[in-house]
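Please find the structures below.
In what follows, subunit A forms one complex with subunit B and a second complex with subunit C.
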Partner chain A sequence: MTADGQLPRWEVFKQDSSTKAHAAVGSVHAADAEHALLMARSVFARRPSAVSMWLAPQWAVHQYTREQLAEGFAAPSEQLAVPARYLVFLKTSDRRSMAAYEHRGEVVASSTTAALRAAVPDEPPLGVWLVEAAAVIATDTADAEPWFAPATEKRYKQQSEYAVSVKRHPAAREES
Partner chain B sequence: MTETQAAQRAAAFEARIAAGEKIEAGDWMPEDYRRQLIRMIGQHAHSEYVGMLPEGAWIDAAPTLRRKLILVAKVQDEAGHGQYLYHAAETLGATRAEMLDALLEGRAKYSSVFNYPTLTWADVGMIGWLVDGAAIKNQLMLAQCSYGPYSRAMVRICAEETFHHLQGREMILTYASGTPHQRAMAQDALDRWWWPALMMLGPHDANSPNSPQLKAWRIKTKSNDEVRQEFLDEHAPELLAAGLSIPDDDLRYDEETGHWRHGPIDWAEFWRVVKGAGPCNAERLAARRAAHDDGRWVREALAAHAARASERTSE
Partner chain C sequence: MTLTPELKAALVERLTAFADDELVLGHRQAGWTGHAPLLEEDIAMANVAQDEIGHAVAWFELRAELDGSDPDRLAFFRAADDYRSAWLSEQPRGDWAFTMLRQYLFDAYEAELLARLSGSSHRPLADTATKLAREELFHLRHSRLWVERLAHGTEESRSRLVSAVTVAWPLMPQLLAPLPQDAALEAAKLTYSSRDLEQSVLAATRAELVGHGIALPPFAPVPAGNPRAQRTEHLAPMLAVMQSVARADADAQAW
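And then the complex of A and B:
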């Protein structure tokens, strides 16, 4: 438990197909990595279009909005003895969407501030998340089939299964 | 910050909203924007959680395996929707523990409609068609919300909720064209759920004091009455065509405007239910508290297991 009496929070990044990038979909609270992956599957993969998930504990996710980026980079962060890998997620659009902050690559830097400088493209995005790669847990590729395939077989969860039109009943009121 | 700077910040915020930008966690926002969102999203999350109870009660008694699978999936979705929404509220600084405490202690509101009992199996279908049908109209509106995390949760919810609506509609249409007994069951369910479904979309605009500000901030993009009208225009003609009668003597189609009109809503009943005196308020909260208490040992075991594992790693 954390100090506020809750299990720790993990950000969830879901990949919809092998040609798409992982994107932030929400979070779960879980005691450890194994529990977090199971929670993320129940919450975010009840429907098809999941082939992989990455999770990161909240403390390893550094979030910067467009406003914060425009105000200049945050105060210099702690210098690391050994440079670390950061996964870079960018928000580039405000259009209607289920997910934002898509995975766009990674940088190696010896502080979060340096990572941010390296991660922000010339055309400033609407937001940047830097995720400490060492803290990320991922679904196992070998498990992808048993983990994600069942959702595609449960066709009764698809709205297309219920395309029924209303047939006028003989007892229907005239004006309808 | 000087007064001028504060005014500039507020103006810049309004300009972002007007330009259709999404506000994200960490952006500057007026305190009242944050407060209203936490209130709305919290109530919405609680509604998803409590919403599992009326239908969950029928899982054991589902008449066929197919209907049971559908109902289990639907109730599981509601749990997931609660999770998406608690997450959205957390991005504004609320915690799940605080929000859950507020629900369990009876301090937080949730949708009035879940305080009505599910008396027959047909209620499961009628809830899908009417209650989820009304909820989707509201949620499609909220998917346009100016706050990014809430908007994205809504887009995800709408995609899944459409299945809830359509499975209920299909079930009721099946019964409405079935045996006299099935038709009577569908009619009885409609008689009991029609008014609660109309009410759940909230007070008339004239009695909805938060609405103008919520609209100005594009938290809501339509008023309660506008959403209710959309619900009525879709559902009234379909229910009537199915040969069911809607329990409202004043219900009529207005040729001039092309809209359906309903009779007066019993707002005294609405407020009675919202304030805790509905048919099932006490039962719903008691069930939520029991579920929370029954799950305590699991949460404690998970935390203890994680603590021991991390001790072992550090040894």
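And then the complex of A and C:
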């Protein structure tokens, strides 16, 4: 539990198909890595299509808005003895709120400041997330079938598919 | 293959027991919707409950192919005495420890059951089992995770798990006991060896619980004759609520 009484928070990145990038879909609170994976599957992949999910604990996700990027470049950050791998997620459009941050590659750097400089393209994006790769957990490819395949056979039913007959209450009829 | 009338009747009984186990358990677990200890678990348990009820529908539909019965009528207009659910399914919802332990025991049973049924000589049965098995693997991982964490969490979580074991474990043999006509299904390779299934499920679940240092109580005796003939006192009150909407207008043309 964290100080506010919540279980630790994990950011969830879902890949919809093998040709698409992993994208941030939201977060779950969970006790540990395995619990987080199970919760993410239940919350984010029961119906929508998915082939893989990555999760990162909140502390390993460094988030910058476009306004914060300039500060981020300048801010002193801890120099790592051994360079670390960071997964880079960029937000380039305001139009899709649910899949705003998409995986665009990775950088190896000895500080988050250096990683940020390496990660940000010339045309500044709307936001950048740097995720410490060492902290990322992923669904097992062996799990893909039992975890994600059942969703493809479930279908939403629009309300209109149910033949609902609405009877008006006699009292309501008199008033009208 | 064409089923003899005897095999057909035996399979109808078997499918009814499968369906009732899942329908009753699904309804019990659905009692957590809106009440679970974490929002994420609330969603996860609602998913599990829906899956189990979906599996009940699958078994009822297989039965319908054999005898033309109507799954909705079987679920909502059958008296408690005519249900064939296991005592383990019928127990009240209980606390989170009981919920997860019961789900674990049932998932461990279903994993072994469905693996065997997917080799059935009755093709529709084999196909359904193969489809349901995928979801059960996910259920089993979820419920086993909780059993482990409850066993090694706090003093309270462990004592609640131990209390749950004293209620649930004794009911395992009744869940696993063959129906009187199961031997005929087994001989025709429609189903599996009941003895082998029972031994595998008990070995796996015993190893898991004993591995967490949980002492297991003795089994409750299995009734002679049909082990599924008698209901616990818990089922009728549950059905009174579950069936009330359907029975409010039994001849409704549409809902």
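Basically, the second predicted complex is superposed on the first by the 148 of 176 C-alpha atoms of A that agree within 3 Å, B and C clash if a C-alpha of one lies under 4 Å from a C-alpha of the other, contacts with A are read in each partner's own complex, and residues count from 1 in each chain.
Keep this in mind: a contact is a pair of C-beta atoms (placed from the backbone, for glycine too) under 8 Å apart; a residue touches a chain by one contact, two chains touch by 3 or more.
Owing to the predicted nature of the structure, the values given are computational and were not obtained by experimental measurement.
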First (subunit B), second (subunit C), both or neither touched by A:Thr112: neither
Partner chain in contact with A:Arg41 - subunit B first, subunit C second, else both or neither: second
Partner chain(s) touched by A:Thr139 [first = subunit B, second = subunit C, both, neither]: neither
Partner chain in contact with A:Ser52 - subunit B first, subunit C second, else both or neither: neither
If touched residues of subunit A are counted for subunit B and for subunit C, the larger one: B
First, second, both or neither for A:Trp147, with subunit B first and subunit C second: second
Which of subunit B and subunit C A:Gln15 touches, first, second, both or neither: neither
Shared subunit A surface residues [contacts with subunit B and with subunit C]: 7, 28-31, 35, 42-43, 46, 162-164
Residues of subunit A defined as touching subunit C within the complex: 7, 28-31, 34-35, 38-39, 41-43, 46, 145-147, 149-150, 153, 162-165
Residue numbers on subunit A that touch subunit B, as the complex places them: 1, 4-7, 9, 25-32, 35, 42-44, 46-47, 63-68, 91, 94, 96-100, 126-127, 154, 156-159, 161-164, 166-173, 175-176
Residue ranges of subunit B in contact with subunit A within the complex: 20-22, 24-28, 66, 69-70, 73, 76-77, 80, 83-84, 87-88, 90, 95-97, 143-144, 148, 151-153, 155-156, 159-160, 162-163, 166-167, 169-170, 173, 176-177, 236-238, 240-243, 245, 252-253, 299, 302-303, 305-306, 309-310
Parts of subunit C lying in touch with subunit A, wherever the complex brings them together: 38-41, 43-44, 47, 131, 134-135, 137-138, 141-142, 145, 149, 253-255
